Amino acid sequence: MSRHTAAIVGSSGYTGGELLRLLLSHSGIDVVAVTSRKRAKRPVARIHPNLRDITRLKFIDPVDLPEVDVLFLALPHGAAMENIHEYMSRSKLVIDLSSDFRLNDSSSYVTYYGQKHPDPDLLEQFVYGLPELHRETIREARLIAIPGCTATGAILPIKPIVEALRVNLIVVDAKVGSSAAGAGVNMSTHHPERSGVVRSYKPSGHRHLAEMQQELNSNGSISFNFSPHAVEMVRGIQSTIHIFLEDDYEEKEIWQIYLQAYREEPFVRLVKERGGIYRFPEPKMVMGTNLCEIGFEKDEKTGRLVIMSAIDNLMKGAAGQAVQCMNLALGFEETEGLNVVGYHPV
Amino acid sequence: MSRHTAAIVGSSGYTGGELLRLLLSHSGIDVVAVTSRKRAKRPVARIHPNLRDITRLKFIDPVDLPEVDVLFLALPHGAAMENIHEYMSRSKLVIDLSSDFRLNDSSSYVTYYGQKHPDPDLLEQFVYGLPELHRETIREARLIAIPGCTATGAILPIKPIVEALRVNLIVVDAKVGSSAAGAGVNMSTHHPERSGVVRSYKPSGHRHLAEMQQELNSNGSISFNFSPHAVEMVRGIQSTIHIFLEDDYEEKEIWQIYLQAYREEPFVRLVKERGGIYRFPEPKMVMGTNLCEIGFEKDEKTGRLVIMSAIDNLMKGAAGQAVQCMNLALGFEETEGLNVVGYHPV
Amino acid sequence: MSRHTAAIVGSSGYTGGELLRLLLSHSGIDVVAVTSRKRAKRPVARIHPNLRDITRLKFIDPVDLPEVDVLFLALPHGAAMENIHEYMSRSKLVIDLSSDFRLNDSSSYVTYYGQKHPDPDLLEQFVYGLPELHRETIREARLIAIPGCTATGAILPIKPIVEALRVNLIVVDAKVGSSAAGAGVNMSTHHPERSGVVRSYKPSGHRHLAEMQQELNSNGSISFNFSPHAVEMVRGIQSTIHIFLEDDYEEKEIWQIYLQAYREEPFVRLVKERGGIYRFPEPKMVMGTNLCEIGFEKDEKTGRLVIMSAIDNLMKGAAGQAVQCMNLALGFEETEGLNVVGYHPV
Amino acid sequence: MSRHTAAIVGSSGYTGGELLRLLLSHSGIDVVAVTSRKRAKRPVARIHPNLRDITRLKFIDPVDLPEVDVLFLALPHGAAMENIHEYMSRSKLVIDLSSDFRLNDSSSYVTYYGQKHPDPDLLEQFVYGLPELHRETIREARLIAIPGCTATGAILPIKPIVEALRVNLIVVDAKVGSSAAGAGVNMSTHHPERSGVVRSYKPSGHRHLAEMQQELNSNGSISFNFSPHAVEMVRGIQSTIHIFLEDDYEEKEIWQIYLQAYREEPFVRLVKERGGIYRFPEPKMVMGTNLCEIGFEKDEKTGRLVIMSAIDNLMKGAAGQAVQCMNLALGFEETEGLNVVGYHPV
C-alpha cells in the first residue's frame, strides 16, 4: 500500500482528537503535523490522554503547517472558510469537518447560519462527504465537506424512504451526547447542569436542518421537522424518525427498500430483532465504531413509519466518516482503519 | 383539620413507597397499614431505606388489611381488578394507581391490554384522576384511577391545544427514567444494559396511548402517535410533542391558551425563558415535586407547534397525583403534603 | 415564632442557591436580599430554575446590601475575608460558608492555603459551625464558619472514635459529587470529561484536611490521611474511613460509642442493616436531606475499623448545616426548615 | 502464523462475550464453539448485540463441546471446578477465568469462599495468569487461572513496592463498575438502585483479598486491607492504594522502582502528569484496552505513599488478560489482538 502524509488543523478539539486516534492506527497514513494555536509545543497526549505512550506528537502553530497529501480541518464553524485558500495551498486533498462548505446553496448560510458565505464559488467544488450517497463523487473529490453529526443520523435512514415512497411529513426527534457540543466549556456543559438532563435545546431551526433539506427534500415538498435533545451520554446520537406517507405500505416493503439500499454497505447495520432488549438501534452498541444502525416499525393504528437510527457522533458523525471519505479519495480500502467492533456491555 | 386513616396495598414497589413517603408527611393522614405479600412482617425501611428512622411500620399481609378512610392500590397491572370488591369493602375511598380502571371503554382493554376486563360495569364508576381536567368529579369520587405517567406528561400539555385549535396530527416522543419500569428486576433494567441507553422500547402501540386517546381524541379525528424511549435517568419523563394544526397561529395565542387553562393551577408551571440553559421544561427541575412543566415554540418554517413537558414519573406521574386526588376527595387543601421545592443542581 | 430578616451574599452559586431554597421555605425567615455582582437585577429563578414561580426575588449588587438579622456569605475562598468588617456592619449574625474563618490557627492558612490570613484576630471569634460538636457555643455565636463538605463527612463519624479509643492511623478515602466543585465552569467539570470518572484529584494535602486535623487530631498524635475522588454524582459525598486502633475492640463497643454520641442527634442516622442492598451509608439515600449517615464494620483479619459516612454536600455539607446553625443562633427549633425525607429510588 | 482453534464455555456472560469479541478479531484464532446451556441454538449476537453482522455463531450446549487447541472457561464461581477433568479432556490448554483455581493453598478456599476445594491436587498445576509477574511460567503452562479483576488492579501497582521497600500497612480502596458483578440480574444491579451509587458492598473479607495476599504478602508481614465500592460506571476499576512504609523515601525512588519493573511492559502505563485533569490513572482512559495505568504521589505530611491504578475490569481484569496469557502459551506475539487505543472523550 502506498503511504500518504496527513495533517490536522485544530486537533485539540474532540473531532480533531478522534481523527488523530484513527489516523495513528491507519496502515497507510503518516500523521506529520497537528496544529493548535493555543497549545502549540505541548504534547497531544496531555489533551488527549488516551494517546499517552501511543504518540509523541506535539501541537504546532498553524502557521508552521507543512504540505501534506491530505489535510483535515477540524475547526469551529466559520474558521475554515476564512483561510480556506491557504489550506488548499498545502494539500491537494482537503477534508473539512465543519459546516463551512456543506451547503451547495450560499443563500442557505444566510437563512440557517445568519451570515453571508465569504466564498460562495467554492461551495460547488466541495462534495458532501456521505459515501453511502455520493461514493463515486467522493472518489474523485479534492474538496470534501463532512456532514453534521445529527444530519448523518437522519439522512442515512431517511434517504431510501424518500427515494422509494411518497412522503408527506417527517419529524426527526434526536437525542444527543455531550461530546457533540465540543470541547469548549460553558454553563450548558457544566457537569452539575448537564448530568442527567433531557434538554430540548433547539426545538426548531437547528442548523443541521439545512443539510437534511438539501439531501432529502430539495424540492421542499415534504414538511420536514427536526428537534434535537441533550441527554445523559458522552458519545452517541439516537434519532427517532416519524414518517407519514402518502400511501399505505407493508413492513416487508420497507425491509426490502433498506436491503436494496444498504445490503452491501460496510457501515450500515440493519437492526430488527424479534426479541431481546436491543431490538432497535442503540447508540451504546455502535460506540467507537463507524456504524449507522437503522431499524423501524410500522404503527398499525396510524400508518406512521417509525424509524430509529444510532451513530457515534465522533465516528460516523465526524472523524470516522472523514477517514472513510479519505480512504475513497486516496484509493485505500474503504474500511481501512475503521474495522473496530463495538463493546458490550458499555 | 380532621384526620383520616390510610392504607397502601402493594407498598414494596416504587409508587407504593413514594405514596408512603408522602402520606407520612401529610398533616391530616395516619398511615395504619402497608401491605406486601412477599415482605410481610419486615420493616418498610429495609425496602425503602430513605424511611429509616422516619417510620417503624412493617409490611403486613394483604389478608390482614383493616378498614380505612382511604385505600391506595399500588399493584401491578391486572392485580387490582381481581380483588377490587374486597378492596372496596375496606374503604369508602379507593384510589388505584394501576391501569386497571383508567379506561371508560372496556373494549379498549382488549385492544391495548390484550385481555377482557373482568368487571366492565365498574369502569364508569371510576373517575380518571387528573385534577386539572376532572377536579370537580374527583371531589365527589369514591373510586379514582390515577393516570399513567407518560399519559399525564402528554395529556396536560396537549389538552388546552386540542380544546382551542383544530389539530391534524400529533407525535409524542417521550424520554423516560428507569423507575417508571418499576422495582421488578430483569435484563432490560440490569445496570450494565440500562445505563446510558437511548432505547426505543415500544415505538408504537404503547398501552398508555389508550388513555391519551380517551382524554384527547375521543372522536378519533387526530392522527395520534406516541413513542417512548428509555434514557439515562432514574426519575423523570420529558415529552416533546410535535403538533400540526389546521390553521396558522401565533406564539402569543398559544401562550394565552395556556395561561387561561393553567394560570391558577398549583401544579402546572409554564416555562418559556428567553435565555439561560433551562429555557424549556426539564425533568431535573421538577424531580421530587408534583409539578408538570410546560413550554413550547413555533417552528417558523413548517408551522409545527413544538411543546415540551416534564414531570417526575413517581410524583405527578403516580403517587403525587394520587395524593392530590385524595386531598380533593377528602376535603383537604389540594396542595397539602405536596408543597416541596425542587433542587438545583441535582 | 418571631420572624427574622436574612440576606445572602453570593447567591448565584450552588451553596447560595441552596441556602435560598431552604430559607424561602423556613417558617421564621424573610429573605430580603440576595446579591450577585455579575447578575444584579436579574431574577434568581433564571439561575436557579427550581425556584420558578416560587420567588420573584432579583439579585442585587452587593453594595446595596441592607441591614438584616442574619447574613450568609456564600462566596469563593478569599472573598469573605476581604470585606468581613463591612459584612459584620450589616448584621449581628454572620454565617460564612467559605473556608475563610474555619481555622483557629492563622498559621494553618499559610500551610494549607498558601497565604497569610489578613485578619487573624477574628479567627478566634468565629465558631466552627458543626452543631454536633459545638452546639452550645453556636447558640451564643455571632460569627459562624460553616465546615467544608468533606470535613463534615469525616469529622462526624470519626469524632466519637477518637474521643473513646486510642487511634494510631486514619485513612479517609472520599468520593465526591460534581456540585462540590461549584458553579464555575472549567475543563475538569466539562461534561464529556467529568462524566463517569473516578478521578483522584488531590491525593494528599487537600485543604479540608486542616479542619479535620483541628477538630480530630489537635495534638497531632494520629497519622491522619485524606484522599478525595471525583465520581459520577451531582450531589453527595461518601467517605470510607479506615481506622487502625491501638487496642482490640468489639463491634458492639463501637455501636455503643455511636449510640451514646448520636442517639439524640436529629441529623445523624446510624445505619447497620443485616441484609438488603443499603446495609451501609449511601449518598443517594440522604440526597436533599440534612442527614449524615454513619455505618461501620470490623475487619476481623486486620482489626481495622471501617467506617462509612454519607452526606449531601450542599445540605449537611454546606447550606443545610448553615440553616441548622442559624436555627440555634436565632433560637428557632434546630430542625426548622430541614425536616425533609429523602427519596427512593433516586 | 499458525492458526489455532478455540472454544468458550459460558459465553453468554460478560467475560465470555468479551473473550469472543477479542478472539474474533485475533489473527491466529478460529473460534469453533461457544456454549451456553440456557441459550443453546440461539445466535450469540442476540445476547451480545455488538457482534451483529460480525459473527453468525450460535451457542451450543456444553455437552457438544468439540476438542480445541485452547479452551476458555467463563463460568460462575464453583462451576469450573466441578467438571474440570472433562474440560481438560477437550483441550491441552485450559484457561479458567473464574476463581476456582487461582489459589495455591486449598485452605484459602475454606477461609475466603467458605467451602472445601474438591480438587486440591490440581491447584499447584494451575498458573496464576498475571503475565507481568509470571510470564515465563505462563509460556509453559497448560492450565491457567486468570486473576480476579480487583486483584489485578491491586497486585500490579503494589508488587514492585513490596519487592523493593519494607511495607507495614496497605489499604486498597477500590471503585468498581457494574459489569464486574456479571450478567445476572438482582436488586443490587437494578438500574434505579444501582445508578449513581457509592456503595460499600464488602468493607472487609472480600474474596479477591485471598489472591492479593498470595501474590503480595505470602508471609503475612503486612497489614493488608481491601474495601471495594460500587460506583456509577459500567466498565472500570480505579484503586487508590494507601501504603505506609517502614522507612522514609523520595518520590523519584518510587518512579525508578516502577520504571525498572514496568518500562518494557506492553500493558502497563505509568502516569504522572504535572498538569491537566488526567494527572493520575483514570478508568475512562483505559476503557476497552488491556492497559493497567499506574500513578502515585507522596503525602509529604504523613509519609504515606498514595498509588492510583485503573483498568477495564472486562479487559485487563478478565478477557484481555486471558488473551494475553493465551498469546504467551500458544507462542503468539503477546500483544496480538490487544493493540487497541482508548477513546477520548468517552
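Per-chain numbering from 1; labels A, B, C and D assigned in written order.
Here is the rule we go by: contacts are C-beta pairs under 8 Å (C-beta built on N, C-alpha and C of every residue); 3 or more make two chains touch, one makes a residue touch a chain.
Given the structure is predicted, the values throughout are model-derived calculations rather than measurements.
Student: Report which interface contains more C-beta contacts, comparing A-C against A-B.
Tutor: If we tally the C-beta pairs in contact for A-C and A-B, the bigger total goes to A-B.
Student: Is the contact between copies subunit B and subunit C built from the same residues on both sides or from different ones, judged by whether over half of the numbers are shared?
Tutor: Counting which numbers both chains contribute, over half are shared, so the two copies meet through the same residues.
Student: Based only on mean CA positions, could you tell me how far subunit A sits from subunit C in angstrom?
Tutor: 45
Student: I'd like to verify one number: the distance from the centre of subunit B to the centre of subunit C, where each centre is the average of its C-alpha atoms, in whole angstrom.
Tutor: The mean C-alpha positions of subunit B and subunit C differ by 36 Å.
Student: With centres defined as the mean C-alpha position, give me the subunit A-subunit B separation in Å.
Tutor: Between these chains, centre-to-centre, one finds 38 Å.
Student: Which parts of subunit A, given as residue numbers and ranges, touch two or more other chains?
Tutor: Answer for subunit A, listing residues that touch two or more other chains: 14, 179, 187, 192, 195-196, 232, 234, 282, 345-346.
Student: For subunit D, which residues are in contact with subunit A within the complex?
Tutor: 14, 17-18, 21, 24-25, 46-54, 179, 234-235, 269, 271, 273, 275-276, 278, 282, 285, 287-288, 340-346
Student: In the complex formed with subunit B, which residues of subunit D make contact?
Tutor: Those residues of subunit D that touch subunit B are 14, 177-179, 183, 185-187, 189-192, 194-196, 232, 234.
Student: In the complex, go through subunit A and note every residue touching subunit B.
Tutor: 169, 171, 173, 175, 187-188, 192-193, 195-201, 203-205, 209, 223-225, 227, 229, 231-233, 236, 238, 240, 242, 244, 277, 280-284, 297-302, 304, 306, 308, 310, 345-346
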